[in-house]
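Two complexes are shown next, each including subunit A; its partner changes from subunit B in the first to subunit C in the second.
Coming up: the complex of A and B.
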């Protein structure tokens, strides 16, 4: 019985990591947002599984919030922004797709080596997930660095946040509820503000390529 | 517990259903595109017709062109003996997964050589493209296979199928799914399906696999076509038995073999439907975009191996 639970948790964690790789591989905005929604859904289910196994009821609330906010609301907002400013495709990222994927794979290996000592001494049932969550975090950072459009960079940030959330769940079964609520509110407001910001970038430069922001001088 | 007659029956079944699987894919594709389509037995009629015709070989062609159809067919027949499809009682102990991968590599190598042999421009183009695709996809296949070999502790395919099929839920781990995904993309690439190649086209600029068969006719063409169809079925069988063999017959009783046959038929149909859906809903990728897809396959396989160690 325990192994089934474990396999389920591990499987969902692997799905979250897989979604991060899918983000690196995809070029279309709509796909990127959908993949992010899927990743958040997997993360919410992972949290629900952990809640079920450990019996901590506050994790259920966190799981529900993850699914409602990150898998439904934020993708809705991002889609709305995209439709308003009519952007569908990412410009060619600064590193091409095959090399990005290979670099992401290398990042996953780095994450594994860095977290291995921690995993050895860990006691929680989900300790193995830590390596994957660090990998998701690094890949989110990598997406933010290599993509040029503002929206993809926002999604990179959200993916990093997902990685952090998964790390918190995996080591300590989640942060205290009040902290989690604060983070959710933070993320939501951040997305709203960045949405407005994206409108302004589009309005000023007629493009979402953030490299144009270097032209800002006073 | 290898039963020689059963292993041979299994190989015969794999050979004889190969054209049927291709026929079903074509029929499904036609139905999805609101066409009536040829009957699912059409590939058999085609092969029958081709086998009755003489083959014509170019004056410039050497012995390579003559022997290639036989080499390819032999490689596939050997592979059919090694692959467990509906029963784990195959001759897997004679050759493990790595031998199997190299049998497929031999098939491809000779086909590419024969395409160069006749000296036609399209053959050369086809073989250079095929080699490009295979150089990226072969590491992915090996890596995907290693993930399941690591999990079960053997590289013998019937051993893998046996271990997985007789174990319970504790072996249903993420690396199986990741490896299956990687292998499925590799399957599409190896068997010249959309989005890597379009099996229905003879359009000069895009073809990969068909370009290599242009010089063949008559009996030789029939052999090449049949071995390509067999390759598809073998890949489908490996995909199921290496990653999700549940339902395969592990005992020699009549009941378990019958169940194995039924489950195998259902599994084949499931993948065939997926292939038909992909072929109807996706366009063929541009050649220079292909490494993107193929690297995805490699990364999936890599993650499968990694998640075996991490999780």
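Coming up: the complex of A and C.
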């Protein structure tokens, strides 16, 4: 029974990583937001699985919050912002899609390599998940760096945060509830504030391309 | 008691938001800041005389009490200075009453998050609070809503959020390093007190702890402005309204440094101060080098001051990295001295900005003729920040140097002296051109605001006094804090 549960956790974690790859491959803004929502859904289900296996009931709350906030509310906010400022539909990556995918693959390998010493001491149900989480985190960072629109940078940050959450749930079975709640609150506020500034950037620079933000330098 | 302390800035923020007369808002903000100051003094006194206080999720030891005093003190000064500075800009119709109200309440929200950083025992809550400081100050950095301030804010939020995400991973790993080895104990494992006790008993997993410290150092180091993660700092500090620049440079950087120190203490208790100390040294020297280069090249005086903040955070990190009694003592003292002196300089730069209406150094000259009092205070501040005697920074920088030489960090000490010399020369060159010479434009003679000038006078007096002698109570307090660090007792 336990092995089936473990396979389920590992499978969901792999799904989260797969979503990160799909995000890198996406050509359209709307797809990116949908893929992110899907990734958060997988993450929420993973949290629910861990809660079921370990019997820690507070992880159920975390799972529910992940699904409500990251899979439903935040994608809604992002879609709303994109419709209001009439963002162009293409992603406009500064590194083309095939190379991006190759780099993302390389990052996943790096993540496995780096976490090897940690996996030795890891707990039983979630050994591989740490490597997957780190891979998701690195791919999120990569998306932030290579996608020029302000909105894609926000999504990259959120993907990083998803990777982080997966690590938190897998290595430590989640943190104390008050901390988890605080982190959710911070993420939500951060997205709202960034949303406001996306509006302002569009209003002031007439574009969302952050490569225009090059005035302040020495 | 600590709950009351944390509530004061919240209530002040609410009060500022709901009042609708300029003078009432200013009064509320100043009173709130004064009250926070008084409460901090009372509570810190208790900590220094009868030991750490623990209440629920809060924990206040000597280090946090010291940081709390710094936050409250600079907050109080900034609140008074803002009355003069923001008042003047309000009279010039740069913004309306609504924005003024938003400014004062966000300032207090920022103070609230900083107080929470230093008071929380739980490292997760500390992380939340540090992310909170970024969010609270985002609108303050972008207060003027111009193209430049917008760019600065975007970089600030994005770079700091990424950095802090890494710090959260570090925090989780620190938690894991205990939970993994001692199964079943997960309740208080994110509490600093639990972690440090476990570290003293060598119960943490050393490999995980090392990786955790690296992540925390890079993550919070972004917020401290350590090179090479400093790129947001000159933009944000130069575009923010002047009182906020002082707040960011003077105490927010210190708060982030405090986050690193908490992990430094845990890591050195478990595996000795060598590992984390060396990393701190490395980032410290790198920051000094980067700051020296950009101080030479600076064209904008607020950016000049921002790079000088990177320099001083580098020095603080270097002091803790050197370790030993004198290294740590010097670094702690440097945190206080930098907060005092950098606030003084930013306050001065605000007066220059109000008078000359430009941040470009090539368009500012002859300050001594246009506003003699401000010019004198600004020059004194510049001498102080570059480490001239008899000002206080000389004393702390010298203590760190002494610490470096007595612990055989010869190469580091040599580099440290070299960069200080370069920075001194470059800084004086820039400030000399601003203060002396004939005014670049025909400006009416006179100081801009009496309130602002009085605040600056208080700060100059303080930096001279602290440069001449260290009061016994401060000496005792710092010695107590040094003993919290392992290797500091010797």
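Keep in mind that, in the parts below, the second predicted complex is superposed on the first by the 211 of 218 C-alpha atoms of A that agree within 3 Å, B and C clash if a C-alpha of one lies under 4 Å from a C-alpha of the other, contacts with A are read in each partner's own complex, and residues count from 1 in each chain.
Throughout what follows, a contact is a pair of C-beta atoms (placed from the backbone, for glycine too) under 8 Å apart; a residue touches a chain by one contact, two chains touch by 3 or more.
All values reported here derive from a predicted model rather than from experimental measurement.
A.B. asks: By the touch definition at the top of the document, which applies to A:21: first (subunit B), second (subunit C), both, or neither?
C.D. replies: A:21: touches subunit B, not subunit C.
A.B. asks: After lining up the shared chain so the two structures overlap, which partner does A:7 touch, if you call subunit B first and subunit C second: first, second, both or neither?
C.D. replies: So A:7 only meets subunit B here.
A.B. asks: In the superposed arrangement, which partner chain does A:112 touch: subunit B (first), subunit C (second), both, or neither?
C.D. replies: Touch partner of A:112: subunit B, not subunit C.
A.B. asks: On the A-aligned overlay, A:132 touches which partner chain: subunit B = first, subunit C = second, or both, or neither?
C.D. replies: Touch status of A:132: first partner only.
A.B. asks: For A:102 in the superposed arrangement: first (subunit B), second (subunit C), both or neither?
C.D. replies: first
A.B. asks: State whether subunit B or subunit C is in contact with more residues of subunit A in the superposed arrangement.
C.D. replies: Touched residues of subunit A are more numerous for C.
A.B. asks: If we count contacts the way the header does, which residues on subunit A are in touch with subunit C in the complex?
C.D. replies: 117-118, 121-123, 137, 141, 144, 150, 153, 157, 160-161, 164, 167-168, 171-173, 175-176, 178-179, 182-183, 185-186, 189-190, 193-194, 197, 200-201, 204-205, 210, 213, 215-216, 218
A.B. asks: Mind pulling up the subunit B residues that touch subunit A in the complex?
C.D. replies: 169-170, 172-175, 177-178, 291-292, 295-296, 298-300, 302-303, 306-307, 309-311
A.B. asks: Under the touch definition given earlier, write down the residues of subunit A that touch subunit B in their complex.
C.D. replies: Subunit A reaches subunit B through residues 3-4, 7, 10-11, 13-15, 17-18, 21, 25, 97-98, 101-102, 104-105, 108-109, 112, 128-129, 131-132.
A.B. asks: Sort out for me which residues of subunit C touch subunit A in the complex.
C.D. replies: Touching subunit A from subunit C are residues 57, 122, 124-125, 127-128, 131-132, 135, 138-139, 142, 145-148, 150-155, 157-158, 161-162, 165, 168-169, 172-173, 175-176, 179-181, 186-187, 190, 205, 207-208, 211, 234-235, 238-239, 294, 297-299, 303.
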